[in-house]
Amino acid sequence: MSKLKDAKTGPNRVRLGMVGGGQGAFIGAVHRIAARIDNEYDFCAGALSSNPQRALASAREIGLAEDRSYEDVAAMLAAESARDDGIEAVSIVTPNNVHFPVAKACLEAGIHVICDKPITVTCREADELIALAKAQNRILAVTYNYSGYPMIRQAREMIEAGELGDIRVVQAEHAQDWLTEAVEQSGNKQAGWRTDPAQSGAGGCIGDIGTHAYHLACFVTGLELESLCADLSTFVSGRQLDDNVNVLMRFKGGAKGSLWASQVAPGNENSLTLRVYGTRGGLSWRQESANELELSPFGEATRRITRGSPAAGGAAAAATRIPAGHPEGYLEGFATLYKEIAAAIRAARSGTTAVGMFPRGEDGRRGVAFVEAAVKSSNGGAVWVNL
Amino acid sequence: MSKLKDAKTGPNRVRLGMVGGGQGAFIGAVHRIAARIDNEYDFCAGALSSNPQRALASAREIGLAEDRSYEDVAAMLAAESARDDGIEAVSIVTPNNVHFPVAKACLEAGIHVICDKPITVTCREADELIALAKAQNRILAVTYNYSGYPMIRQAREMIEAGELGDIRVVQAEHAQDWLTEAVEQSGNKQAGWRTDPAQSGAGGCIGDIGTHAYHLACFVTGLELESLCADLSTFVSGRQLDDNVNVLMRFKGGAKGSLWASQVAPGNENSLTLRVYGTRGGLSWRQESANELELSPFGEATRRITRGSPAAGGAAAAATRIPAGHPEGYLEGFATLYKEIAAAIRAARSGTTAVGMFPRGEDGRRGVAFVEAAVKSSNGGAVWVNL
Amino acid sequence: MSKLKDAKTGPNRVRLGMVGGGQGAFIGAVHRIAARIDNEYDFCAGALSSNPQRALASAREIGLAEDRSYEDVAAMLAAESARDDGIEAVSIVTPNNVHFPVAKACLEAGIHVICDKPITVTCREADELIALAKAQNRILAVTYNYSGYPMIRQAREMIEAGELGDIRVVQAEHAQDWLTEAVEQSGNKQAGWRTDPAQSGAGGCIGDIGTHAYHLACFVTGLELESLCADLSTFVSGRQLDDNVNVLMRFKGGAKGSLWASQVAPGNENSLTLRVYGTRGGLSWRQESANELELSPFGEATRRITRGSPAAGGAAAAATRIPAGHPEGYLEGFATLYKEIAAAIRAARSGTTAVGMFPRGEDGRRGVAFVEAAVKSSNGGAVWVNL
Amino acid sequence: MSKLKDAKTGPNRVRLGMVGGGQGAFIGAVHRIAARIDNEYDFCAGALSSNPQRALASAREIGLAEDRSYEDVAAMLAAESARDDGIEAVSIVTPNNVHFPVAKACLEAGIHVICDKPITVTCREADELIALAKAQNRILAVTYNYSGYPMIRQAREMIEAGELGDIRVVQAEHAQDWLTEAVEQSGNKQAGWRTDPAQSGAGGCIGDIGTHAYHLACFVTGLELESLCADLSTFVSGRQLDDNVNVLMRFKGGAKGSLWASQVAPGNENSLTLRVYGTRGGLSWRQESANELELSPFGEATRRITRGSPAAGGAAAAATRIPAGHPEGYLEGFATLYKEIAAAIRAARSGTTAVGMFPRGEDGRRGVAFVEAAVKSSNGGAVWVNL
């Protein structure tokens, strides 16, 4: 428990702004809680909505000072740059198509960027942001938040240590059911932009959640995808983007696997699962039981390794706040990324670098490339496409 | 419980012979127990091994009268035909390549055939058996045994009744780990013939277990496969057949899905699972927890429907022996097929027909066609192949 | 798999009769299937019902020769003794109050007895049977069938080997829900006799299922109960016997524990569970997931040990028929007792003894003593009573 | 999601101090995170340790202004009372024996109290605090934190609505394994004070966790305990307090039940479970899978009701932050109490009252009475004691 460092003195805290996340949004509030849990941020400015009235109302509701609630990003960057205590980082939680221009403007203003996934809608845009972040020496983080779960860190650490031997098979899934019916046609705001190619990009389900499963598979195994064959489907009448996707994957080095993502699978709330099999053993993890991980050394009994237990290693322990048996959830996993990003930003203040396992621009770009390849494959009749 | 009809009077019992299933075999003993559980068979003759000494020793071990233990099928058919109490059905439990000649000889002799899967190694052979069974008016059953599980019957009944609406997605898996290492190279008899194309045919894992998952998917949903794209892999060095397979599936009518079968997935003993999603709900079943089925009507809480409970319908009840909470297992599911086949054979005695859900020649042929298509697809680089 | 000895030659089979188990009964059919599974018995005679017409109809239904279907036990014993191929053992599956006179008559006639639990209604009766069986040199087996499950054997073996250290705590449960309402008042035959003290004895739920949990706790741990404090309740209006019981237990040597049995716990079909904790580790088993056992060595990850897997030891393997992942159920566990009893009977033929873990008269007596003590405790206001 | 109100404007936030919770402590940090998650508190003062150096170091580590880090409670109350922005509430997270004097001093100073459980060591002390809080018109909250879980709220709401009918049986458990060995003798600070009667009071395991299970049972069912019979054991040599306890319970109105708490049960990390059975149905909840609740209407399939799903009712929804399938954990449940307490404190500012389901002084007193009765029962030989 001595590892529970739960707060930082004021000057150590990172001054954070937010773009998007106003009333009616979902992920913005998640980012704010995640930033608060470990007390490493001062959330002090925002352009919470493209609608000025909603922006102001949202700011009031969440306790943001009115004079630091801005009508748009340009106004925020201008005003904050002029302050001694202006923001040094920004969380971007808008629809996907807005990520790029906002991130670009922030990086150009010397502001660190914490961007929700997907980092951009195209690889070209991602490349530009990566180059810009490098030139500006600023952090460009992407919140593939599931990689913050302690037992995902544990899985990665075990594979890196060779406990599974050479990886042969990777089975990844991310299934939901909330788009089983055409809720985007009856005013559901979340469904609206996520099924609109103008706001989401060319991928629907593949971009919204398939990319989470894909990132997790790569994060945990360290493998790189070589080629894929994707069959994207749109089952709901009138929907503009895919709502179910089946993908075959071939990784560099010979591993194979499949990925299934769906938003029309009744009974699945947020069934993100990862199974990995190698020459020496297998492992299995389910996001909805995130505090445990099953390890099956070949020829031995399966072990249930739990967060906070003696059987969990250093990587998991570093991402853990409370003892075994006291479940940590989605918000804590998200918070772990924020905590690592804060450390990286503090390091950047002093010109040094913090390692941190949080996903960065390159990881974001890989996610965009995955979506682009899957769409291309499917449009071609579900043919093999190299990454 | 009044449904537990556990025995039949002597003359009503079916006189059964067996080909294969001698010492060192696995599935033969399973068939014998399955035939005994509901007491509808007299197991009275056998050609248990191609090795005469082993045949005799096997017969002695299992209590078969020595004068009805034969050196080969021809001898058995000749002698049994000459008896008033000769066998009227035969269970074929040899390696795959022997199924066809034995089944053919038996049908020609007017003997009903209960054949382990796959029915044959090629579709051509399967067609010939189907035609022969029809011409001879004899039963040709194939023991896709998992279709005997009560909750599989329940799933089929619910889908047939429209409880899931129109089916959109089918996810089927059959994973094992016993071939993770090259045990066929160190004397494991089961591994030996199953990885030998001369005895197994062109499919390894796809034929041994992938075909079980495929049969179950079709049995439960009533869907027919239109095309597939299969990526077969051989991970173990020196192995002659595939040991892992990832398949994309497109069904007639528009449903999609994927199928994963593996024998190199540590931690999976016999993980056969089926998940089906439609416009109105989803369902999920795991063979290793065979007594329950999860039903998720869209927008409602998931229900756990258990064998023997009031929530289970007529089809499950008909395949159930003991009350809810008293688990039935693999052998009872297998026995249900035997029970239904016995009813069909008794009906045939009197020139009538019994319905029975047990798989028949046509189902066996579909399984062979699936394996052939998967092998063809994979050999072509994992391209789409029509069934 | 080579362990799957599934049949015996004719003369090796045990000639078995049955008392009780006619139409409308439940456990009789279970005994018959259990006796068939491993093919070690010839079921050839019966007095299946105290109602002569039902006895005959039942015999016909299950294929028993009519001339060996008897009107009562006396007739059966007289006629069978006169035959060269007369029965050598009998299964007693009547209501509890009939166990004693039938078992006594059979033992006196030199017939081995396989008696459903509880062996008798009083300890005095149990003592008499035990003495009689000893004097007659006949087997007196009691079908506490759950002790036949392979993973229960595994649990016992691990504890005996010291893997849990000194046992401190034992938590046993057996919960059902089928008596939640007063079904005995609306013609349910099973409920009728089980809630009738004249047929069941002084214990209701405690005798019907509490005693199963108690036997399992002792069988697995090897502990002996020193004293108990039992609170028996009758929740259903008009019911004559207890339908829920909470017991505190103190074992010789210092272990403590509690036992809960209920037949009015909605959602529990047959939730028999056992958890044992010692100085070095803990274990947990659930009958409804009978093929696995969780072992938690203190300070290490919990392991899931599965039937048929390399992690299971010799005792489990000896009680196993088919490979890991192919679930065995309630009937197979029951069959294991029958198989062991058959071996003991064959040994008795030749004047030797077979070990066998099946429960015997003494185990049956302990169960009766437990029920008597619990009833006495509860009647006294739930006070401590020594065994 | 629109329910996610994640922050309050500055003046609306509650100004909070803390007593205890310095370096090496566990629950203090939990309280601080819980207070931050919903952003309703400004944590601004503390007397974090009775050791002045540790107090200051702790304050620095967590970012508390040094001039508001105090050496003791008296100093804190004196200084804070003199400030316009002084604290209005205090979290007490010391060992148990210190709860009473600190809470008393705070209430006397007009400060709202949020006290960790048990509220005091004796009922007499609890009574005094309750009276004082009433006289001072101040909140006296006790953090039986598990009652903050959404699905516990759901369980309570369903029972209150009669979905289970009349309650018959309550089975509560709280099992851990961290005291399996004598870690208090080798410097574990948490174990040290929890097994020391001078700091913990007369109850060890019964007070540390048994009281959580007890509170939950009462909170969910609305039942009041009438009498109990408790068998407290100390299994670890040299330990001064009980480490395992088995309790029989009789509730007013006729319900029965048992409670098991243990800290020497290997494999149990924090296995708090509650099962309740009534005339119309049963329910089951496990803290380690806190986001779901099983409901079994009698005669129907068991339903898995999940946090955030349409099947969950208003009480659960009010305690929920993020969508179904995105697990909330221990910290979020804890935070829900803090959020409700903040609302109550804001109401108190304006002289009104906020309802809030958070536990208060009376609930705390019931917990102390339970521990006292259990200790008395056990000391008398595990006899029945009226509450």
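Letters A, B, C and D mark the chains as written, and numbering starts fresh at 1 in each.
Note that in this section a residue touches a chain if its C-beta (ideal position, glycine included) is under 8 Å from a C-beta of that chain, and two chains touch if they have at least 3 such contacts.
Computed from a prediction, not measured in an experiment: that's the story for all the values here.
**Student:** Both chain A and chain C are touched by which chains?
**Tutor:** Common contact partners of chain A and chain C, which must touch each of the two, are B, D.
**Student:** What angle, rounded to the nearest 5°, describes the rotation that places the Cα atoms of chain B on chain D?
**Tutor:** Rounded to 5 degrees, the superposing rotation is 180 degrees.
**Student:** Measure off the straight-line distance from the CA centroid of chain B to the CA centroid of chain D, and report it in whole Å.
**Tutor:** 55
**Student:** Centroid of chain B to centroid of chain C, CA atoms only: how many Å?
**Tutor:** 34
**Student:** Taking each chain's centre as the mean position of its Cα atoms, how many Å separate chain C from chain D?
**Tutor:** Distance between chain centres: 44 Å.
**Student:** Hey, what residues on chain D touch two or more of the other chains?
**Tutor:** Residues 268, 295, 299, 302, 306, 309 of chain D touch two or more partner chains.
**Student:** Graph of touching chains, which shape: line, ring, star, complete, other?
**Tutor:** Per interface graph, the chains form a complete graph.
**Student:** Quick check: in the complex, which residue numbers of chain C touch chain B?
**Tutor:** Touching chain B: residues 1-2, 4-10, 12-13, 23-24, 26, 29-30, 32-33, 36-39, 60-64, 176, 178, 190, 268-271, 287-291, 306, 308-309, 321-332 of chain C.
**Student:** So in the complex, which bits of chain A are touching chain C?
**Tutor:** Checking each residue of chain A against chain C gives 295, 299-306, 309-311.
**Student:** Tell me, which parts of chain C touch chain D in their complex?
**Tutor:** Checking each residue of chain C against chain D gives 168-169, 171, 177, 180-181, 229, 231, 233, 235, 244, 246, 248, 250, 256-258, 260, 262, 264-268, 275, 277-284, 294-299, 302, 381-384.
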